[in-house]
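Reviewing the structure listed below.
Chain naming follows the written order as A, B, C, D and E, and within any one chain the residues start at number 1.
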Amino acid sequence: METRLLTCLQALVSLSLSPLPGRPLTRLCCPAPTKCSFSSHRRRIHSSLSPLDPRCSAVCRSDVFAAASCSTAASKRTLWFGFLFATGWGGDLAHTACSSPPSRLRISLSHRRTLVGSATVIGEENGVIPQANGSARVRLGATDVIVSIKAELGKPHPLQPDKGKVAIFIDCSPTAAPMFEGRGGEELSTELSFALQRCLLGGRSGAGAGIDLSSLVIVEGKVCWDLYIDGLVVSSDGNLLDALAAAIKVALSNTGIPKVTVNLGASPNDQPDVDVSDEEFLQFDTSGVPVVVTLTKVGRHYIVDATSEEESQMSSAVSISVNQHGHICGLTKRGGAGLDPSVILDMISVAKHVGEQLMSILDSEIAAAEASAEDQ
Amino acid sequence: MATNPSTYALSQSSESKQRLQQRRRLFQETDWTRSDGRSFHQCRPAFLRTGATNAASGSAYAEFGVTKVIVSVFGPRESKKAMMYSGTGRLNCNVSYTTFSTPVRGQGSDHKEYSSMLHKALEGAIILETFPKTTVDVFALVLESGGGDLPVIITCASLALADAGIMMYDLVASVSVSCFGRNLVIDPTSEEEACQDGALMITCMPARNEVTQLTLTGEWTTAKINEAMELCLDACSKLAEVVRSCLKEAASG
Amino acid sequence: MGAMTVDRADGRSANQLRPLACSRNILHRAHGSARWSQGDTIVLAAVYGPKAGTKKGENPEKASIEVIWKPKTGQIGKLEKEYEMILKRTLQSVCLMTIHPNTTTSIIVQVFGDDGALLPCAINASCAALVDAGIPLKHLAVAICCGLTEGGSVILDPTRAEEQKIQAFAYLVFPNSPLSVLPSAPSAEDDAPIENGIITSVTHGVMPVVEYFNCLERGRAACAKISEFHRRSLESQVPVVARKQTFEVLWWPHTLTAWPEFHGFACNLSEADVLTVACCCMDMPRT
Amino acid sequence: MEYVDSLTGFRLDGRRPTDMRQIRGEIGVVPKADGSALFEMGNTKVIAAIYGPREVQNKSQQVNNQALVRCEYSMANFSTGDRARRPKGDRRSTEISLVIRQTMEACILTHLMPRSQIDIFVQVLQADGGTRSACINAATLALADAGIPMCDIVTSCSAGYLSSTPLLDLNYIEDSAGGPDVTVGILAKMDKVTLLQMDAKLPLDIFENVMQLAIEGCKAIAQYIRGVLLENTKQLEYRKGV
Amino acid sequence: MAASSTSGSGRDIGGSGGGLAAGEMEVEAYRRLFPLPFYERHLLDSVRPDARPLHRARDTSIALGPVASADGSALVKIGDTTMLAAIKLEVMTPSADAPDEGSLAIEFHMPPICSPIVRPGRPAEVAPVISKQLSDVIVSSGMINLKELSLISGKAAWMAYLDIYCLNADGSLFDAALLSAISSFSHLQIPLVSLSDDGRVVAVPGDLLEDKSTPELVNKERKLLLHSIPFSLTCILHKKYILADPTAEEESIMETSITVVLDSSERLVSIYKPGGSVLAHTSTVKDCIVLTKHRMKELQNILEDSLSAMEVV
């Protein structure tokens, strides 16, 4: 069965057809039908990007679709927005792919529709989890993750007195897959947690951190915010890391950190009194938070946003986090098969390109969500 | 001794704390000398031996500066009963630390992150098809930690696997590089690791020119990644030579 | 040597054991069980098995023994782990391991009271429980604790308070003396009778070598008495009537304190039924 | 603390004593599962996913004449007000898992699926009292979504007794007041009680009232769940073009 | 036949290089298939498969100070059995009923690398038992005067964490562990400390000792005085044979073992015989004690040699 699936998948990929109905690898068409009504506002960008494969001189066309729709339910306003985009060679690829000479690699990318939901609970802050400081739910096809952010007062690490602390914990709910039952999800959970930490928190010295830790300090060496980022995988259909990273970015964008007033104690050794305001909140700057792009290698191709079916046949996958400057903030490799160093460098340049687009879409949608929240 | 009272390790007096601060500032400058006198692109001397534990199918001991590691390989042997049937072999990795491996006494527990990283680094190099239905266990114990622990564990594990006669595509060598401002420093010590801006670790099979594992933290430009990768790949192939000569020595001796 | 006069808190002489008691077949679900007490040290042992299969790591060509130690309170620690191992190895040497190959016999040892000489008491209880379960044995293992006081005299079966005070003590386990109708088989290895051999010896504290041999001698003599007791209690076995456990409902006059959860398997009750049951429970005299 | 305003008779969150919180059920929230549902009771929000009937994973647990029903209850780290890392398999979640398993097992026609296994996974996203009931209701919806044969639908609701008033559907504040909390599960159509839990003192006549109130709550939920299932079936019909 | 076999390694026959002659292969096969008769044939000739006489222990070596980050450490090898012990001192507040005494915490670890029996996450059954035995023996022998570990009566005292790691388990684990424990205690260098302003005990770096501004030292002694050091020997009892210092293979084939611990003044610290099918008669116990006395002399010499070697360096 497994080998059959593999050959089938490979056949499909080499024909540049996605095994999912309605999701070609290189050409756009309507997303797979879902329950949610999808009134789309469509942006089509035709631009000549530098070719992804330096040996191939074909013009790369980028199609970016973004869609947002608002539906107002009786008691709560639900806001959905989604995007889907693809990069690849123009033309009718289903045919050219077959006839084209076996180039080193063909890059065929298409994200599933991402639904980032921030349900607004009556008169409160945006967020799916009302008791958290910030939260978000991201759906990527059948993958569904929830991220909640909680800020608590803590003490800075003695070796880094001018920085706050961030902890990332990911949990895989058994609802997502029976194999996560009991302690079965632990391995994946810790792997995801570590990968996200690597991508978001920068080096040991704190350089290159996506979350500005020094903004979390209240009194140097005494009081700081401890940011707890809790992720929960509710439904899993591949590409968990990208979904979680996007959810963290969105959740951080609607995170309100309470304003504090500090009364310094009489002597410098005293623990200062901290007054936490429950009315005024400070917004978090999320422009520096990187996005994660996972490129999964199936056969000779690498694809973005692999479903679990596609992941089951992958030889290896590289997750690359890209920030707004186009710098690489973290990289992890999964899967056993080795990769040629030049392929990795090539993947990095593709990820940079995809990441830029993902970033701009996420940013604009966050802005739109904020704007509409303020309107309310 | 059921309830041990809470204890604390001796903290260094304030002078040495200042020294640490000084070092940290020093690392930000463009030119400084490393505490062990190496140049930026020079690795620590590597000492490798096979046959550390005779109860295992294969084992190896590695000493890179202060870092000391023992890896034992068991199997191929019967998989756990709960495991489902598998046509290919399984690889099971575990990394643990001794309580005295770090300057402050630790818990000496398993290191889950390193265990899974070791697994990922090795599985691509082992020909799992050669031992269907069975498991090869790779267990590592870090006797003393002095920086670059994971690369040392991975390299030592590949030597132990070769000692155990497990079929591999190629030997695996691993090297890490730290980034300080503009400088790239290869094979960092734990003191350097504590202050680094970013790190890149490569595990590769030099003869096949394949990267089996790559991790990166901190902010990097593509050009710098390029430079660091080249540096590491070069060091990996040299390290693999050392491993190879150690195996030859063991076979002839 | 002789028995020097030693002052013991409970007025015993140095050679005197605390009152022994043994009752068997007290748990009706276990295959064999025994409760053994030496003064206030009380241990209940239950035997389950032989069950099919052995654990990984055990020799499947032989029977395997598993010991689970349940302390009176709290979690199992290093001391209990050590006891488990000693008990397991001791019982292994007593059982005929080749009769039921590839089976596991579990012995659960529950401590009720610890007033010194806990391990010997547990060994005696487990042995009685093995007999009760009908597990084939070579002979019984009889255990005793010998203490060495600061003054250099040996006391038997010390209490907990004595154990803590004395300089050293030894837990010794001997086989019981066989009552054989056959003339004793010519022992190939040694001329010494089997009851002189030590099955298990565990010592605590520093003692001169001669004192250890002194302990051995005294322990051996005491073990002969204990094995006599063992034999008598086995012979006079009275079948114990197993009491059926009754369904208990917590109640307080006119108030339900706790409603034991019930989840309908076959008995989906109607609302009226529930109340009837509740009323019935409350009318029921408390037993 | 005053849990029921003596003047207006309203509860802390503005409900009347016999009011239930707003309930909402949604089918099919986990696309990969065989059946799934989300159930909300006010701020309490749970997801249930069903996997099965499928081959028994652990052969030693296989039952030859009926299906094996298993359940795991887990709480998200962020489900309560104070963030806490929850180790899996603590006493509370084991107990609730058992309660849910036994309750659902009673209504599933297990004898129709011998030698198979049905897994019920419930995940609490937000906990604001009555998680037990919400989980059972979610599990019922999810089982129906998975098409698992049941003799009836089980619904559950809790009721308590505070400030000398029987209160329906306690929220977290009322639940933690320490008063009696009666959780009832009923088979709606057969009108039978299948789950009853209480761990506090209560005089019998009051217990009767409180239980009656909880049963009324269950019936109301059953009404709602029937509606949700009906709507879902219509959708299915429509999609299949029947 | 006796000389033909190699040390008791558990490796595959095929893995040990194809150079074995056909006759030797048969011996190896016989050893694996019928281990007990194989051993009994050897015992008849009063020799063991590794060419040792029955009463001789394996070669023993002690290396002091292999762990730089510890205050005292030792690597002990008895045959192939390898133990790495290290002591780390930390500061604690002594308990009220013993205000001028420090404390010991002894832990014996069997990491998965040491033996095929141990798997990660499931510690070996014997590890806690040996831990317990070790701390019993070390505490009851009175080797260490806990008062020497006191710093400031009632305020601060040393807590000595002794962690022993078995790197290679090839029989007689307790003997090797005990030897590594006493070796690391004899290597222990107590750091010189002073009291800081906030009442914590801090280390005084070596280069500041001459400095006048350094606060007053709390302690002066850098070495512990070890009284009556315990030494042990494990023997296997099989029929009427006594095999000193068994390997793992011997332990697995012949199950009855007896461990005798004597201190340097030849008093008995422990006789440990947990069950076993062979009964120990008084004469056997006496023989074991005599063997232990011989072994103690050997071990004392080895320990002294390694200590003096260290001082020379």
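A few notes on this one:
The rule is short, and it goes like this: a residue touches a chain if its C-beta (ideal position, glycine included) is under 8 Å from a C-beta of that chain, and two chains touch if they have at least 3 such contacts.
Quick caveat, the model's predicted, so the values are computed rather than measured.
Under the touch definition stated at the top, chain C and chain E share no contacting partner at all. For the pairs A-D and B-E, the count of C-beta pairs in contact is higher at B-E. Chain B has the Cα centre that lies closest to the mean of all protein Cα atoms in view.
Distance between chain C and chain D, defined via averaged C-alpha coordinates, is recorded as 47 Å.
For the pair chain B and chain E, the distance between mean C-alpha positions equals 29 Å.
Look at where the CA atoms of chain A average out and do the same for chain C: the two points lie 61 Å apart. None of the residues of chain C touches two or more other chains.
Within the complex formed with chain C, the residues of chain E that make contact are 117, 125-126, 128-129, 131-133, 136, 140-142, 239-240, 255-256, 258, 263, 266-277, 279-283, 285, 289. Touching chain D in their complex are the following residues of chain A: 35, 75, 129-132, 135, 141-142, 144, 146, 148, 150, 152, 169, 171, 173-178, 181-183, 228, 230, 232, 234-237, 308.
Within the complex formed with chain E, the chain B residues making contact are 1, 4-13, 15-16, 52-57, 59, 66, 70-72, 74, 77, 94, 96, 98-103, 105, 108, 110, 137, 139-141, 143-144, 164-165.
Within the complex formed with chain B, the chain E residues making contact are 7, 9-12, 15, 67-70, 73, 80, 82, 84, 86, 88-95, 103-105, 107, 109, 111-116, 119-121, 135, 159, 161, 163, 165, 167-170, 191, 193, 196, 200-205, 208, 248. On the side of chain A, the complex with chain B involves touching residues 159, 187, 190-191, 194, 198, 201-205, 207-208, 316, 318, 323, 327-341, 344-345, 348-349, 352.
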